[in-house]
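The two complexes that follow have chain A in common; it is paired with chain B in the first and with chain C in the second.
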Partner chain A sequence: FERRVLRGAAEHHYLRVRLELPDGGARPNAAQFKQLVVTALRELHGEVGAALPVDVLTYEEKTVSAILRVISSGLVKLWSALTLLGFYQNRRCAFRVLQTSPFLLALSGNSRELVL
Partner chain B sequence: RYVLCEVVSEDPRCRQCIEDRALGLAVRDAIARVHGDYGLARCSISFTVKYLNAYTGTVLLRCRKDSYRLLCSALPFVRYLESRAQRYPCFLNTLHVGGTIRTCQKFLIQYNTTQLLRLLKNCTNEEERQCVQKSLLSCSLTEEQSQSGDEEEEDDGTE
Partner chain C sequence: QNILTVCFSVGYSAVALNHVIDFKEKKQEIIKPVSPSELFPSLPIVQGTSKRIKVLTRLTLVVSDPSHCNLLRSTSANIRLYDIIAVFPKTEKLFHIACTTLDVDLVCINVTEKLPFYFRRPPVNMAIDRGIYFELLYTPAIKDSTMRRYTISNAISLMQICKGKNIVISSAAERPLELRGPYDVANLGLLFGLSEGEAKAAVSTNCRATMLHGETRKSACGIVYTVKKPRKVEEEEAAVPACKKAKTQA
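The block that comes next holds the complex of A and B.
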């Protein structure tokens, strides 16, 4: 699909993602998580994708969830690469994107988990 | 879009073994490395090697209009040609990008005449000079004569 960016949009996009490992094995640490993200980009988009400036801002090992920051022009590549990643160390895994926003502050509130 | 490029190599044996399939595989491999699965699939939709001249190392590639930039950016990453279990280091020089085969052909004719003029300047013996001058004169008469100019260039290259 095509994503059209308006001139006034921010230059970075923030994604809150969670890696689901259904078979409950060893959880990756922060460096391994970043390596996994870069590997996913390299598989789908080659060296150009692996060179995309992606930052892991926070990482929680208990829940295996992280906040990623990426340049706005690379959001489509990153999201498609995360979606199509199937294996981590020969175990099946899946990336779930929980929230995304061009503003970091918007990721702090989540209306899906709102308890009324 | 049609991309015209030239295969440059230091190894003289490489020239004789250039095949269209080997070159196509090498270019596809380079695209896969640089742009991944997505880039490879997008560029390979209608990717073919249209024309190949083993004497001068001229190659004409065809690709879709939407993905020719991916192809052009991956061409510098072609480092060797592999054929018959032999690897020849070489690199591709992009000469011209055109929309039709006819524009590329016109550019190639002009480029070949300028190459012949350059060869004339770099000639060391008198007989090479005579050969090149003869082919140059025959080039300027009609357009079909420039084909004989290409073959004359091959003789000068081997001498």
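The block that comes next holds the complex of A and C.
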């Protein structure tokens, strides 16, 4: 048998994020959420940032939390754009990034919410 | 108080409450800081460790005139109650004075408008040697897009001179929604031009070093150090006959 070593990180990074909206009104649906992410990228990194291939893999409207996938080279841009987003439809909001990992399986367990 | 609750839930282990004093108005008195025990009867525990979260108090002086710095040297009792002291210089001369001679822990760098002066290497290097840290705020970047440009441009020009050492990134949050988690802030450091290790240090190690700097500034009044004196040889010779005398007496 032979041993193969794969160098380099995985090609996608996954982020579990939650948008905190002070209980104001309507929560965004999936399409509006994606639009919000692209707007955040455009505000900070311009057209090139907005063209970054970002996918929303799952979205829960009740808790406004989602799992995003992005190319590994674009992780810093996406994360910083989400951090600096302040307003959604003239309402103050905040993005909280709960977990991030190059592997999707790692997002299923959260050691911070472990109840011992 | 809401802000502090959010801080704890997001994962910070030490928080400093800031009090800003602006000298343009006349007759500003330094007020006693709000004691953290008044806000919380018992502080919650940091996630993952068994220690409690620390809440410190901090004073920021906005100086636009060299005479304002006299306040730091005065023996007003209230200044000593603050854990961390920061200064916000508005002119190049004051920046130079703050880096070289003033007794502070942090030098705030303005992010809300274009800097009226350029950073020069000598005062910045002296500040790094003295253990003074430069502070950048990130909350204006969340509020307004013009401020975002100023924040990033001022941060980049600071990085060029100081090469990423002695940087602390902090938030001037007035609402709980303006706060961001520690890893998010470390990611912002990457935007400013820091390397990954430096960015994480800007949120963790450098902040702790600032706290320790404040503690030493509060407690150290003078230094006592002992030096070996060359007289020791004579003392030894003198000591020997004394012992002999003791033996004969005994």
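Convention: the second predicted complex is superposed on the first by the 108 of 116 C-alpha atoms of A that agree within 3 Å, B and C clash if a C-alpha of one lies under 4 Å from a C-alpha of the other, contacts with A are read in each partner's own complex, and residues count from 1 in each chain.
We take it that a residue touches a chain if its C-beta (ideal position, glycine included) is under 8 Å from a C-beta of that chain, and two chains touch if they have at least 3 such contacts.
Keep in mind that this is a model prediction, so the values were computed, not measured.
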Task: Have a look and say if chain B or chain C is in touch with more residues of chain A.
output: C
- request: Answer with first, second, both or neither: which of chain B and chain C does A:97 touch in the superposed model?
  value: second
- request: Pick one for A:44: touches chain B only (first), chain C only (second), both, or neither.
  value: both
Task: State whether A:80 touches chain B only (first), chain C only (second), both chains, or neither.
output: both
Query: Is A:20 in contact with chain B, with chain C, with both, or with neither (first, second, both, neither)?
result: second
Message: If I apply the document's touch criterion, which positions on chain A are contacted by chain B in one structure and by chain C in the other?
response: 43-44, 80
Query: What part of chain B is in contact with chain A in the complex they form?
result: 31-39, 73
Of chain C, residues touching chain A in the complex: 10-11, 47-48, 138, 141-143, 145, 148, 175, 177-181, 183-185, 187-188, 190-191
- line: In the complex, the residues of chain A that touch chain C are 20, 22, 43-44, 76, 79-80, 82-86, 92-94, 96-97, 100, 112
Task: Using the touch definition up top, name the residues of chain A that touch chain B in the complex.
output: 41-49, 80
